[in-house]
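For reference, the structures are reproduced in the following blocks.
Two complexes, one shared chain (chain A), two partners (chain B, chain C).
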Partner chain A sequence: MKSFSLILRNEWRIMIADKSLILVCTLLTLLLSYGFFIGLSEAVSRDERVRELVSQQERGQSGIVEQIQRIVSGHEKPDVFANPLNPALVGSGLGSLYAIMHSGALSPLALGQSDLLPDHYRVSTRNKTTFMYQTENESPWNLLTGRFDPVFVLVYLLPLFIFAISYNLLSSEKEQGTLRMQLSHPVTLQTLMFGKLFARLVPVLGVTILAVIVPFLILRGDAVMVSGQLPHLVVAIIIIGAYGFFWFAVTLFVNSFGFSSASNALILVGTWVFLVLVAPVLLNVFVSRMSPAPSRIELATETRLITIDGLNRYHELLSSDYRHIKDSSMLVPSDGKFEVPERLQAFYLINKAVDEKIETLLGDFESRLRAQQDLVERFGFVSPSVLTYEGLVSLAGTGTRRYQDFKQQVNDYHREWKEFFEPRIMSGQIVTVADFEKLPRFTWQEPDVSILLAGSLAKALQIFLATVVLFALGFMRLAKVDVL
Partner chain B sequence: MTWLIVTREVREFYRDGRFLFGAGLVAVLFITAFLVGYEQRQNVFSEREVAQQLDYDDWINQPERHPHDAAHQGMHVFKPIPPLSFVDPGITNYVGSTQWLKAHRQTEVKFRPAQDATGLQRFGSLTPAWVIQVLGPLLIIVLGFNSFSGEREQGTLRQLISLGVPSWKLLRGKALALFLGAFLLIAPLLLFSVWAVSGDDLAGSRHDTLIRSGFLVLGYLVYLGIFIFVTLAVSALTATSRISLIVLLAFWIIGTTLAPRALVDVARMVYPIPNQAEFNTQLNQELQREYAEAWQEHFGTDKRWGSDVPLSRWGEALRVDDYAGYDAIDRHFGALWDRYEDQRRLQEFFGLLFPMLSIRSYSMAMSATDFTHHRDFATSAEDHRRLIQDLISSNLTQHADGHGERHFDYKVGKEFWSKVPRFEYAAPAAFFALQGSLNSLGVLLASLLISIAFAFWSSRNLI
Partner chain C sequence: MLKANSLTKNFNSNIALNSVSLSVSQGEIYCLLGANGAGKTTLINHFLGFLKPTSGEVLVNGKCVTSNPLDTKRDIAYIPENVMLYGVLTGLENLEYFSALATGRKKPRDVLRKLLADVGLPAEAAERRVATYSKGMRQKVGITIAMAKNAKALLLDEPTSGLDPKAANEFSRLLKTASENGVAVFTTTHDLFHAKETGNRIGIMRSGSLLAEFNSDDVSHADMESIYLKNMRD
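Entry: the complex of A and B
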């Protein structure tokens, strides 16, 4: 133990003198802080956008309510296509409400799918294809490239910093001829190597974890506490720690073979290329072949066919003339009743038919995607990078599953919305001020936290297992003298 | 003499197994990527072809109905898959593939394949282009990092120079040997393309595809050439192979993983884009203004589709309304898309330092899978939609407006449906791609020249 701490101190002294440790730690902190800055600014602008949408919606709603009051009291004559009393118009757009999924407290950690998948939909009585495919404005080039968020720094760059500082752990001593001298002291090669490794591991992982935690606690502390996501942060740190340990174990293992420094560097970068760049991409090919997404073309064709069918079925309703145009007294209610233009009823029914018909198709898309995600989780062990990425992204609340849950909840809300309007549209009840109070509203339900946390811990555990195996193998190899 | 150097280098590659192992691994990935991409393309292609045909048949065979109702049914157009997309799918997964041409409003190209995939895709996709762009330079570095430094360490460099071998000849020989390696990497690309084109009666003329393939191969040779000369230059400058390797690996990692993402942020800061909500608000405000103006001018009221305009003028009103919006829509979408292009161009310029940034965009353009090509499709689909709208509104003006109040009783049949032409999209020719790639190609060539100069400069004094 005494020699171990001696090695530690000695190593620190050398690394501080040659500035390598300080350089690595500073760069890592800078990159992580920059990543956090990008993640945070995206999260903030997303939250602002949502707030703006909500306030726009509130303004719109109160405008409509006032207009209804004016029409009912006879102060205003309504328009055919913007009549706030008409349930078909209110339900299909005029009074539409947003279904919003709020961003998680840890979202600056990983942008994940948040730049690709919408976090809000404007739900109406129209069919799902009309509002479920709204996308955020983002250059496809940028989507393809990805962003510089903390998870990128951790998954891609952290291993490289670990290599930079420990690729020649053993080889440099050999090349400088100092190894024999060191071993002439009463110390084993294993102790020496572990001492050298821990002299690097402790500061590098310490700095990494601090660079993740500190900005969160300073800038997002309230959000983390209020939303009760402190456990999420703790699990995120465990995953990051496990990932860091893994790459240190890899360098120890590679070093234990006693190759030259250049060979070590090559082998380590090769390992990095395979585990960080190639394995996830190959896993992606595997996953999308095992559970391929159904055809969007089929969905498009199906939507069109059922629309044609509806147009044929409601032929008569659609041909009804627009008497309302001439006789504007028809736009005003009598006894709370109102004649909804038959064309609009027909369009409601067509949309409903489309929804019913494509329900199974859309469900198929979702279940295939779920199956893909299951596969990613089951075979994530092929690369600790996949495990770390998936774990951190889901803790940040920007993973595929959370977006799928959101879509599912929007699905239910859409049904509720249509149920509210259908009797009104078909029987010609006017929309009243009181109805606006009763409009179904969407509240995002966070999925079960314990499943998320358990799943993430399981990922950390898998990385730890690989780490332990590598450490043990490295330890056994170092016991052999031929390394010298 | 040069060939002597080349054969000696190549022999060395083989001897220490580096070449066989590295190139073998890259080749396996490369071929897998090809097969996966090619098969996918074949499937989707035939599906789209059939769907497009069915779509038009349904349009022609629809029963008699009011033309505007038919416009609600609309027509789907599917983006054709460019022949070389299996080499480089570019942004294909991040843009839609289907546009529904319907009444009233320009619609987005929908259904991004990326939405049907897990987060894993953000690590990248296995495509031949990815393999060459990311792993190609690594292979060159692995083969060449000790070209000069290794010989210096072994003491053979001194011997060579003492024999009177000029350093530029040495450089040329070593570069040629590495080029041979690079060409072996690219050769399958060439072969596969020619094979794909020869058995291909799919969209786009063979001639055009061959020209594109040629330019693609040329671009990749320039790209790998840059890395060859940089590798040799660094190897000549550094004292030991270890330092040479570390410097080159750092250059490769920064260029292929760090710089692209960092520059996305730079581009977004320099050319900010409005978010969807802002964009819609601005567009809608302007549309309302333009509509009000047009209705005022033609019908003396600023209220659209109100009781002030009798049904006997609705055909005319439809046309006026459509045209009033076109200008604002074109301007807003045009400005947004221009911004995307600006962002890309800015990133391309950094290709001077990090060649990956310019080759990526060049390769997408040559494979017809970049945003410029996508935009061309979206624009012609929208033109087709406007054509349908024009045919409908002029038909309504001529016939339905005479029906007065019973406007929606008016119906047309097959004769009118067949007046609407089939949507035939001809993908732009290679020249179009080349025109759009002048920037990236220029940057690539410039960095090649710089790297050559750098290599000659650093090898002027080898000892």
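Entry: the complex of A and C
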């Protein structure tokens, strides 16, 4: 132990003298800080956008309420196509409300799916495909797209920094002749290598973890505490720590073969290419083959066919005359009721039919997306990069799973919204001021935190297991190294 | 203190050491002469535990090196032909590290400075990066590390090679002081004069075999040269 700490301190002295440690730590801090800045800017602009939408919505709602009051009191004549008393118009767009999934306190950590999938939908009585499925469905798992956020720095760049500082742990000692000098004293090669390794591991991982934690505590500390996401941050740190340990174990393992510095560098970069670049792509290909991504074209075609079917079925209703345009008195209620134009009733029914008929197709869509995500989680062990990425985006609240949960909740909300308006549309019941207070509102329900944390810890555990195996193999191999 | 019993080392079909037996007792300076490739360094590597014998054994202070690799290293100090140190650290910092590694205890810097001064390293140089040192200066730091270890045996692999005559002479003086203090010294060299002047016992090695062994007092400079050349020619 004495030799270990002696080696550790001597290595620090050397790395401070040759400035390599300072350089690596500074660059890592700068890159992580910049990544955090980008992540934070994205999160802030997303939050601002959502705030703006909510305030627009509130302004719009109070405008409609005031307009209803003016129409009912006879101060204003309603517009044919924007009558706020008409439940078909209010339900299908005029009074539509947003379903919003708020960003998590840790979202600056990883952009994840946040720039690919919507975090809000404007729900109406129209069918789901009109407001929920306009986005790309072909690439639901958009892993490692190279966006510059802290996760990009951690998953992609951290291993390279680790290589830069430790690719020649053993070879440099051999090449400069100091290995013999040291091993002529009562110290084993294992102690020497582990001392040298930890002299790098401690500051590099220390700086990495601090560069992740400190900005969060300073700039998002309140959000983290208020949202109760401190455990998320702790688990994120455990995953980052495990990932860092893993790459240091890889360098020790490669060093333990006693190759030259150049060979070590080549092998390590090859390992990085395979585990960080190739393995996730292979996993993606595998997942796509095992559970093919739902086709957007199939969805669009099916929607079109169902809509055409609806148009044919409700042909008569749609062919109703336009007498309410000429007779504006029809737009004003009498005894709380008025005649909802049949055309609008037909549109509602067509949309309802589309929703009903497409339910199976969309259900299949969602289950295939979930199956893909399940496969990713089951086979994520092929690369610690996949495990780290998946773990961190889940904790940041920008993972696929959370967006899938959001869609599910929006589905339920959509059903609730339609149930609210259907009787009013079909029976010609006007929308009153009191109705606006009773409108169903969406409240985002965060999925079970314990499942998320347990899943993330399981990922960290898998990385740790791989790390332990590599450390053990490296340790055993060092005993066989020819020190000459 | 240092003992090799019928030590044989084969590298595949190549015989590097062929049943070599020798011993160095406390206070004795043993000089092993031989041309390049004779097996001198291979023998030292066995004492250091860097190589495992094909047959036979090497003992340090009565303990087998193969089965007690760490224990035996506590009793020996090693000075290679080229003392390699960390270039970015100063001589003093190198000494501080290596001597602590050797003994498990950190010595005060003043003590270390004095040790460096004793071997003739200028005080100003001790605080300079080793990257700026000459070979002789690095050797001096190597000697200081060995001295700081207070080892029972010294292993030296052609330590005076490349040193100027004055430095080589100072070096011989240091070895004699060590032997007077009861340290067993085992040194390899090409330098017959140095061997005769410094050593108590002299061995001649060729192609992995120890061909001759004698006390330096029993032969003159001229005799030694002829014995050496005779063994090299046969």
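The definition used in the following text is that the second predicted complex is superposed on the first by the 467 of 484 C-alpha atoms of A that agree within 3 Å, B and C clash if a C-alpha of one lies under 4 Å from a C-alpha of the other, contacts with A are read in each partner's own complex, and residues count from 1 in each chain.
The rule is simple: contacts are C-beta pairs under 8 Å (C-beta built on N, C-alpha and C of every residue); 3 or more make two chains touch, one makes a residue touch a chain.
As the structure is a prediction and not an experimental result, all values here were calculated from the model.
Participant: Based on the superposition on chain A, does the combination of chain B and chain C result in a clash or a fit?
Facilitator: Result for chain B and chain C: fit.
Participant: So, does A:V376 touch the first partner chain B, the second partner chain C, both, or neither?
Facilitator: Only chain B; A:V376 stays clear of chain C.
Participant: Is A:T178 in contact with chain B, with chain C, with both, or with neither (first, second, both, neither)?
Facilitator: second
Participant: Is A:L6 touching anything from chain B or chain C once the two structures are fitted on A? First, second, both or neither.
Facilitator: In the superposition, A:L6 touches chain C alone.
Participant: Report for A:L473: first if it touches chain B alone, second if chain C alone, otherwise both or neither.
Facilitator: Neither partner.
Participant: Using the touch definition from the top, say if A:V187 reaches chain B (first), chain C (second), both or neither.
Facilitator: second
Participant: Would you sort A:A293 into first (chain B), second (chain C), both or neither based on which partner it touches?
Facilitator: first
Participant: Is the number of chain A residues in contact higher for chain B or for chain C?
Facilitator: B
Participant: So in the superposed three-chain picture, is A:A265 touching just chain B, just chain C, both, or none of them (first/second/both/neither)?
Facilitator: After superposition on chain A, A:A265 lies in contact with chain B alone.
Participant: Could you tell me the angle at the CA centre of chain A between the CA centres of chain B and chain C, given to the nearest 10 degrees?
Facilitator: Nearest-10 rounding gives 90 degrees.
Participant: Taking the superposition as given, tell me the minimum C-alpha spacing from chain B to chain C, whole angstrom.
Facilitator: It comes out at 18 Å between the closest C-alpha atoms.
Participant: Touching residues of chain A toward chain C in the complex: what are they?
Facilitator: Spelled out, the residues of chain A in touch with chain C are 2-3, 6-7, 10, 13-14, 17-18, 176-178, 180-188, 483-484.
Participant: Tell me, which parts of chain C touch chain A in their complex?
Facilitator: Per the stated touch rule, the residues are 45, 48, 50-51, 69-71, 73-74, 76-78, 80, 82-89, 93, 97-98, 100-102, 104, 106, 129, 142, 145, 149, 155.
Participant: Inside the complex, what are the residues of chain A that reach chain B?
Facilitator: 38, 45, 49, 52-53, 56, 79-81, 112-113, 116-117, 129, 133-148, 152, 156-157, 160, 168, 260-262, 265-266, 269, 273, 277-278, 280-285, 287-289, 293, 295-301, 304-305, 307-308, 311-312, 315, 318-323, 325-326, 328, 343, 365, 368-369, 372-373, 376, 385-386, 389-390, 393, 399-400
Participant: Which residues of chain B touch chain A in the complex?
Facilitator: 29, 32, 36, 44, 47-48, 51, 54-55, 58, 62-63, 65-66, 69, 72-74, 76, 78, 90-91, 93-98, 100, 108, 110-126, 130, 134-135, 138, 142, 145-146, 241-242, 245-246, 249, 253, 257-258, 260-262, 264-265, 267-268, 273-277, 279, 281, 303-307, 310-311, 336, 339-340, 343-344, 347, 361, 371, 374, 405-409
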